[in-house]
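Here subunit A shows up in two complexes: once beside subunit B, once beside subunit C.
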Partner chain A sequence: MSPLQFAWRSLSRQPARALLGLTGVAVVGALLFDMLMLSRGLIVSFRDLLKSTGFDVRVTATEALPGMGPVVSDAAATVETLRLLPELAAVVPVRFGVAAVEARDKKTHELAIIGGETRRRGEWRLVQGADLGEGAAGRPDMVVNRTFARDQGLAPGSIVRLASTLPAREFRVSGIVEFPFEAAGERMAGVTLNGFTQAFPAARPDEADLLLVASQPGVGTEAAVGAIRRARPDLHAFSIDEVLERLRQAEFSYFRQVSFVLATIASFFALLLVTTLLTVSVNQRLGEVAALRALGFSRRRITFDLLAESALLVGGGGLVAVPLGLLLARVLDSILRQMPDLPSRLHFFVFEPRALALHLGFLVLAALIAAAYPVILAARLPIAATLRRESIS
Partner chain B sequence: MSARLLLLLLLLGLAAPAGTDGATSDANGETLAEILVSRGLVRERGLAVGQVVMLSADARGAGARPFRIAGVYEPTPDPSRFTAKRLEARMHLPDLLALTAEPGGADAVDTVGAINIALEDPADASAFARELGARAPAVSVMRAAAGDDEHFMIIERFHVAISVVTMIGSTAFLLALMVIRADERREIAGLLRLLGLRRRRILLQALLEGLCIATAGAVFGVLFAAVTQGAVNAFFQWRYDTTLVFVRVTPAIAARCIALALPLGVMAGLLASWTLLRQPVLDLLRR
Partner chain C sequence: MAIVEARGVGKIYPMPAGPVEALRDVSLTVAPGDYVAISGPSGCGKSTLLHLLGCVDTPTAGSLLFEGRPVLPMGEEERSRIRLRRIGFVFQRFYLLPMLTAWENVELVQSEAGMPAAERRARTRELLEYVGLGERAGHRSSQLSGGEMQRVAIARALANRPGLVLADEPTGELDDETGEQIGDLFDRVNADGTTLVIVTHNAALAARARRRLAMRSGRLAVSRTMVAP
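Up next, the complex of A and B:
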């Protein structure tokens, strides 16, 4: 009989105990798996969001995040300078502003407005109507997100009147779009730079909060960033990886640390559970182990039997932990995604093969460590004395 | 908007050269405007009270003006931004407007991003917001958030969900232990039954035993949390340079923990004992 078959019989002799052990390992394993997904979930999700725009470099005036620091002055000249660089395929100036609109219920609501150029890559996804154009004389074009369109009852061709300007400025809705970074319930709109100056008459002209840059295919992001830094050392150019590293160190670090703490606790818990079950199991079977040794079972064979028992408990629980963890992750993700101002496409828990590999690695380690003490106990067992004690009792 | 401008200014201050200590007037003998600087910025840039710094609204430092650091302040902890460095400065509104105004743009010096209003009776806030909104349609009137911050509430929900999962895992662990414990006492239970003790009497004993173990475990857990909360807070406050309190074991939380742990412990003990005791006496004695 192989060690695995032997371990299976040993566990099935105590089905309630084995089932409870498996349940415990499955639950803490699910928690461990979730924490591994959480540790990098925001970074992976945010990287996908940044990449979906089609621009792999961001240029700002300072190291501050876009919209949180000084703007790029002389934006038109800066854009022209950068467009001459052979490493760059596209350069788009972007401005951010918040205006007010009057809703149908006569209440005033905030409207986040992004000023840019006509769409070149993935600045937004067109859902209905036509894309942003330069607009005819009179009302500038505006693309709006679904939340804003639903709230105001807008459709392509509708007129949007901004209440934050005097006199109120009007825009023509050319289409309904989905912005990559729009938050749930956030009203957003996109206009051209010309439209932006009309929406915000007090804003300084020829400025940009951010420059979106796409590198030439085949040239690479690093080469593009290097070219920008050489051409305009006063500006700050960031690749997506650099932006993510900064977020990892600061803005996203809390969840990384929480996941580390909880993953450690979950691992420890799984270890404690399996160690306890195996140790008690060995203690209850000391006579049986001694008898097996007397029959000629080697220490090595006993060790393999216990390791197999540990592997069955941890492996079985670990397997159930994966679908359970994925289910739990959906619940936890839906809770955290209710945070205000969070892009609705951002996720905290993201499945990666790396998380699964780490999960399996942790469980194998837990199985080995959990079996260590019971193995020592069984291997050092004095055969004759144990058998004598068992027969007397 | 004003917060954004402040951040903008302080970031420019990072690049600007620091001047002489203790100066109160510039080279022309004019009194320097004063600013307050956040503790984080003071530490980050090695600033000191009395020092003169140059601030500009332009990323390249154009139009920089000197300001004297009058003091250092601790920014109000913001749960939605606690991971960000609070590199900030505060100044008088006219100084800020003069610094950020477009050269020659007279209207900009009379422009503000927001006006904070404190009402005599906070209960009138909604009515006041409605009335002001009707009178000044170009102005966005918002009631300041009252009660718990939404970030806090969501983080709390997340932690509660994690606690529930941990509790389910712990219950399985506890049940396994109780089953083992009951199994170990199988023969004693059989003997007690043979001696005439009723199932109910033995179950009562198991219940009391479970209650004692659960009480000891719950009290130990609460004490452990109470003792270690200082270390957890110290770590996160150090890590994020904030005065926010991350963990606080309140009497209500301790009571909730005990109220959950006690029934769970007792139920686990009873369940494990009952599965054993319902067996015939001879089975218990392995005969």
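Up next, the complex of A and C:
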């Protein structure tokens, strides 16, 4: 009978205790798995969002993150200069602004407007109607998100009147779209640069908050960033990885710290639980262990039996922990995503094979450490003294 | 050659209140085919002597030879191997593994000794028939009576064809009638060629042995050899 078979039979001897142990390991394992997903979830999710736009480089005027610092002046000339670089496939100037619209209930609501060019890549995803064009004279085209369309009862062909301009400017809705970074409940619209100037007459016409850049296929992001830095050392070019690194060190570090603390606590409880179960189990059968040793079972065999028992408890609980953790992550994710101003496509818990591998690694380590004390207890058991004590008791 | 030979062995246990001398200058030779019973009051050192003879423990004085080889220089692993292959143990509390069937309890020690599966199966079947439990092979210890459990334990002790079987109060947990049946079984085991050393309070069981030893205060007091009938 192999140590694993022997361990299985030992556990099945007290099924309620084994089940309790498995459940405990599954619950703390699920928490551990969730914390591993949380530790990189925002970064991975944000990376996916950035990549979904189809642009792998962001160019701003200063080191501030896109949309958070001074604008790029001489935008048209800058765009022309960059478009000449052979390393770049596309350069798109983008503007951000917040206008006001009057809702059907006569209340005024904020409308986030993105100004750009006709869609080149993944600036948004068309859901209904037509994409952005230059529009009819006097009424530039506008694409709106579903929240705004639902609030205002808009459909392709509807007219949007901005309440923040005097006189009020009108836009024709060409289509309903989904913006990658739109937050839940946020009203968003996209217009051309010309339309943006009409929506915000005070804005300087030749400026851009951000330049979205796509590198040439096969050239690589780093080469594109290098080319921009050489051509325009006064500007700041960020690859997606560089943006993520800055977020990792600042905005997202809180979640990493929380996940690290909770993962450590979860690991500690898993260790404590399995160590306690095994130690209690060994203490209850000291006589049996001593008898097995007297019958000629080696210390190594007793050690393997206990390690196998620990592995079954931790492994069984750890396997259940994966689907349980995924389920728990969905619930926690839906709660956390209710935080205001977060892109609705951003997730806190993201499954990665790396998280699963780490989870399994932690469990193997936990099984070994948890078995250490009971193994020492059993392997160093004085056989004769234990048999004598057991027969007296 | 003797199976086991103790020469002037002593055993001192270090205790918090001071060392306790459990055995003093005990010499004993167990020859192949012997049937030895050791009796004496509680705490006189019977079990300690049995543990020394079974290479479970080592003496603090004197020397011990098992099948001609000195036990003291052996490491724990080597003594484990000797216990597994050359010695069988029968305990007062049986110590059958409750999650295993009678069959599995007997087979386990053979498996640990590396016996091939086919040979194991044949040997287990043979032994359970031998102790009269062929029909109870699939029962767990909780489904067996005390006498049946001790029979399984005896089958387990014989599983690896040991040169020596040691039994520590094998009828201590049994009623007189069941104790008699276990005594009969030991007689048969010895008659079939297995050397037996039994520690017991049971006078009837001790009376079955050809050599009866009495112990008192860690010393062998009397040695009486009976002529085989």
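The working rule: the second predicted complex is superposed on the first by the 393 of 393 C-alpha atoms of A that agree within 3 Å, B and C clash if a C-alpha of one lies under 4 Å from a C-alpha of the other, contacts with A are read in each partner's own complex, and residues count from 1 in each chain.
Here is the rule we use: contacts are C-beta pairs under 8 Å (C-beta built on N, C-alpha and C of every residue); 3 or more make two chains touch, one makes a residue touch a chain.
It should be emphasised that the depicted structure is a prediction, and the values quoted were computed from it without experimental measurement.
Novice: In this superposed model, does subunit C or subunit B come into contact with more residues of subunit A?
Specialist: Touching more of subunit A: B.
Novice: Which partner does A:389 contact after superposing on A: first (subunit B), second (subunit C), both, neither?
Specialist: A:389: touches no partner chain.
Novice: Give one of first, second, both or neither to describe whether A:354 is in contact with subunit B, with subunit C, with both, or with none.
Specialist: Neither subunit B nor subunit C is touched by A:354.
Novice: In the overlay, answer first, second, both or neither for which of subunit B and subunit C A:70 touches.
Specialist: Touch partner of A:70: subunit B, not subunit C.
Novice: Between subunit B (first) and subunit C (second), which, if any, makes contact with A:150: first, second, both or neither?
Specialist: neither
Novice: Tell me the contact category for A:301 with respect to subunit B and subunit C: first, second, both or neither.
Specialist: Second partner only, subunit C.
Novice: Is A:10 touching the first partner subunit B, the second partner subunit C, both, or neither of them?
Specialist: second
Novice: Starting from the residues of subunit A touching subunit B, keep only those that also touch subunit C in the other complex, and list them.
Specialist: none
Novice: Taking the complex as given, what residues does subunit B use to touch subunit A?
Specialist: Interface residues on the subunit B side: 1, 4, 7-8, 11-12, 15, 57-60, 80, 82-85, 102, 107-108, 111, 133-134, 137-141, 150-151, 154, 157-158, 161-162, 165-166, 168-170, 172-173, 175-177, 179-180, 183-184, 236, 239-240, 275.
Novice: Which residues of subunit A touch subunit C in their complex?
Specialist: Spelled out, the residues of subunit A in touch with subunit C are 1, 9-10, 12-13, 287-288, 291-301, 383-385, 387-388, 390-391.
Novice: Please give the residue numbers of subunit A that touch subunit B in the complex, ascending.
Specialist: So the residues of subunit A in touch with subunit B come to 14, 16-17, 20-21, 23-24, 27-28, 30-31, 61-64, 67-73, 98, 100, 102, 106-110, 163-166, 168, 202, 204, 234, 250-254, 257, 262, 265-266, 269, 272-273, 276-277, 280, 284, 328, 331-332, 335-336, 338-341.
Novice: Taking the complex as given, what residues does subunit C use to touch subunit A?
Specialist: Against subunit A, subunit C makes touches at 13, 47-48, 51, 54, 56-57, 76-77, 80-85, 87, 89, 91-93, 95, 97-100, 104, 107-109, 111-113, 156, 160, 168-169, 172.
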